[in-house]
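For reference, the structures are reproduced in the following blocks.
In what comes next, chain A is part of two complexes: it sits with chain B in the first one and with chain C in the second one.
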Partner chain A sequence: MPQDMPPVGGYGPVQYKRNIPARGFRPITYLVGMHLLMGYGYYKLFHGIREQNELAREKVWGRLHILPLLQAEEDRDQVRRHFADKAREKELLGSESKVYNTERFVRPTFVYTPTKVTQ
Partner chain B sequence: MIYLISVLEGLLVIVPALLSVAFVTIAERKTMASMQRRLGPNVVGYYGLLQAFADALKLLLKEYVAPTQANIILFFLGPIITLIFSLLGYLTVPFGSGLFISDYSLGLLYMLAVSSLATYGILLAGWSANSKYAFLGSLRSTAQLISYELILSSVILLVLLLTGSLNVITIVESQRAVNFLFPLFPLFLVFFIGSIAETNRAPFDLAEAESELVSGFMTEHSASIFVFFFLAEYASIVLICVLNSILFLGGYLSIIPLDLILNVLNLFFDVNNTILYDIFVHISSSPLNLALKTAFLIFVFIWVRASFPRIRFDQLMSVCWTVLLPIVIAYVVLMPCIVYGLGIIPINISLL
Partner chain C sequence: MAAREPQFNQQVLVDTTPMPADIPSVQEVGATSAPLTSAAYFIGDRCKAFNDDYMKCKQEANGRGEFDCLKEGRKVTRCAASVIKDINTHCLKQFTAHWECLENNNHHLWECRKPEMELNKCVFDKLGLKKTIPGAPEGQTPVHLRPKQIYAQFPGPQY
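And now, the complex of A and B:
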């Protein structure tokens, strides 16, 4: 019994593709359009990032110009905390004690936080 | 009190996220129904709106069946890991100006990390079920997720080049000049294809191909643990759409050029001190914008699912490694040249 073989010369081509007319514009139009859109995007991006960087520069220079003021504020706070600390120590121990064996002012590495936060 | 507030904050994001997941499922069924000229669910609630809740109730009340030979702990742990990690990604999303759980400076990195960890849940669930279909499904899913993660993270790298910050809010705010959709249009397409593959959606849903594997890695999961997988899948779809709109469509920024409209109106009337001006200011960074953009992207997800037939697994892999990856790598070479050539290396400084 002959086996079920393909016909001599093989099967004919199968029509699987639908031959429907192309819709829309030509592909080159879409390609050019996309690049125009991207060009607009890069134009806006260029100006946007330039402005952002300019604002950052302004921010840093603004901070640099008020640096002495900020430093003074910080020092004032430091002094206030230092004297408060000394007073607290005196109240607790009765006398001021020295932690370090030096006359130099040692910046404290700790900070007191109130037990009850009022704000 | 502070802990209570932070728990409430978390719930304020997670509960609406889960609700939106419920409505996304019903939206998908309705949209696909109308694309296939049928009605879709229309009995429970008005217009079938409560169908998702009825389904969830049914699934929760069902008896769950665990395979006797399964590793029970991992079998239940898998869906839980997947759900938790797909919900954790919501915590760094800015929903509007000032509306966020966490203003994390490495937010995007966190989102990437958390979304990659969700892969482990799928791997565990598929392996522990002790079923060939589940195992094959989880292997496919893991291979697919790892491959497409590469595309997504490379595209994110290029977005970072234009923002100079991993902070999600900074990324949104730096699109005030122009949405990254315009300069990075081809990358948006690549990222969108990558996100469809990353969420295991049709036409890339090889992990749960019903014609080959019964239901992929969740073949053996039933009742309430199946709900976990279901929620996780849709939560990650919504999240990746949110990520798409944040990275390319400007997140919560308005799509309408409001300042242009104001300038035109100011030619004829004085609107600067009217309620119209206040409304425009409010719209310019309203959560509604993010919602609209995300809803549109989710619609495209559904549209794609209704339109395209499922591709073969080797085609899926070759699209990733031989088509998308070369495009992205070419961009990785090109973009620094553009940024350096135009002299627009972005500077972000935060001073207290």
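And now, the complex of A and C:
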């Protein structure tokens, strides 16, 4: 009895690889695309930061223009309270005492609070 | 429970003794933050000399000078009050529109460019005061004149 032999012309090629097409684009496309997107983002960020700087400049200068006004009002209020304190002390004690060993105005640590509702 | 009245509140804390008569009195401006923010650049435009004078006085007094700079401070307040008064007489509608917009938008100037443009135009026509931002880079549109405000809730053309 003859032995089993390969078919004439040999066996066909064995398909060991799955025949699935590669998905998507070429990898270089993704690399370039990512960098383009990132470049766009940085472009917007650059202009956004410039705009923020200008808005901050606008805000600060607006504040600087009214700052002397606010400070003058505050100073006047301090002077008014200072004279009121002096007059009150004079009325209560009959004399004025110096708290600090200096002539300049020192902002008081404690402020006078009226006992009744004043405003 | 809690039948006791609160002892400390804003009402009782204010000492209302008036200023002594020998110091000239001045009417305070009395505007809140939004109108002041709205009018700040016009105040700065008209009152620059008084403001600089006052700040110089304060600086020469090493930042104190509460008593020494009273005179300069009165000038500053009178000048600012005159600006507010002029704006109120000539551009009340635009001014109110702008500062109410600021009030409603967390004092973000970039949200209120349309009322601001109208206010600036009116103030420039009637009073001749102009809003300029010192130190802004040259060759660019100043930020308050740009049609698009990229940080506004509606970033497109504002007017």
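One rule holds in what follows: the second predicted complex is superposed on the first by the 66 of 119 C-alpha atoms of A that agree within 3 Å, B and C clash if a C-alpha of one lies under 4 Å from a C-alpha of the other, contacts with A are read in each partner's own complex, and residues count from 1 in each chain.
The rule we apply is simple: a contact is a pair of C-beta atoms (placed from the backbone, for glycine too) under 8 Å apart; a residue touches a chain by one contact, two chains touch by 3 or more.
Being a predicted model, the structure only gives us computed values, none of them experimental.
Participant: For A:E51, select first, second, both or neither according to whether it touches chain B, chain C, the two together, or no partner.
Facilitator: It touches chain B and chain C both.
Participant: Specify the partner with more touching residues on chain A, choosing between chain B and chain C.
Facilitator: C
Participant: In the overlaid three-chain picture, which partner chain does A:M38 touch, first (chain B) or second (chain C), both, or neither?
Facilitator: first
Participant: Counting only touches as set out at the top, which of chain B and chain C does A:P27 meet: first, second, both, neither?
Facilitator: neither
Participant: Have a look at where A:R63 lands relative to chain B and chain C in the superposition and call it first, second, both or neither.
Facilitator: Touch status of A:R63: both partners.
Participant: Of the partners chain B and chain C, which touch A:G10 in the superposed model: first, second, both, neither?
Facilitator: Touch partners of A:G10: none, neither chain B nor chain C.
Participant: With the two structures laid over each other on chain A, which partner does A:A84 touch: chain B (first), chain C (second), both, or neither?
Facilitator: second
Participant: Can you pull the chain A residues that chain B and chain C both touch?
Facilitator: 47-48, 51-52, 57, 59, 63
Participant: Residue numbers of chain A touching chain B in their complex, please.
Facilitator: 34, 37-38, 40-42, 44-53, 56-57, 59-60, 63
Participant: For chain C, which residues count as touching chain A in their complex?
Facilitator: Residue positions touching the partner: 8, 11-20, 23, 26, 28-29, 36-37, 40-41, 43-44, 47, 50-51, 54-55, 58, 64-67, 69-70, 72-74, 76-77, 80, 109-110, 133-137, 142-144, 150-151.
Participant: Under the stated contact criterion, what part of chain A meets chain C in this complex?
Facilitator: Per the stated touch rule, the residues are 47-48, 51-52, 54-55, 57-59, 61-69, 71-73, 75-76, 78-84, 87-88, 104-105, 111-119.
Participant: So in the complex, the part of chain B that touches chain A is made up of which residues?
Facilitator: On the chain B side, the touching residues are 162, 174, 176-186, 338, 342, 344-349, 351.
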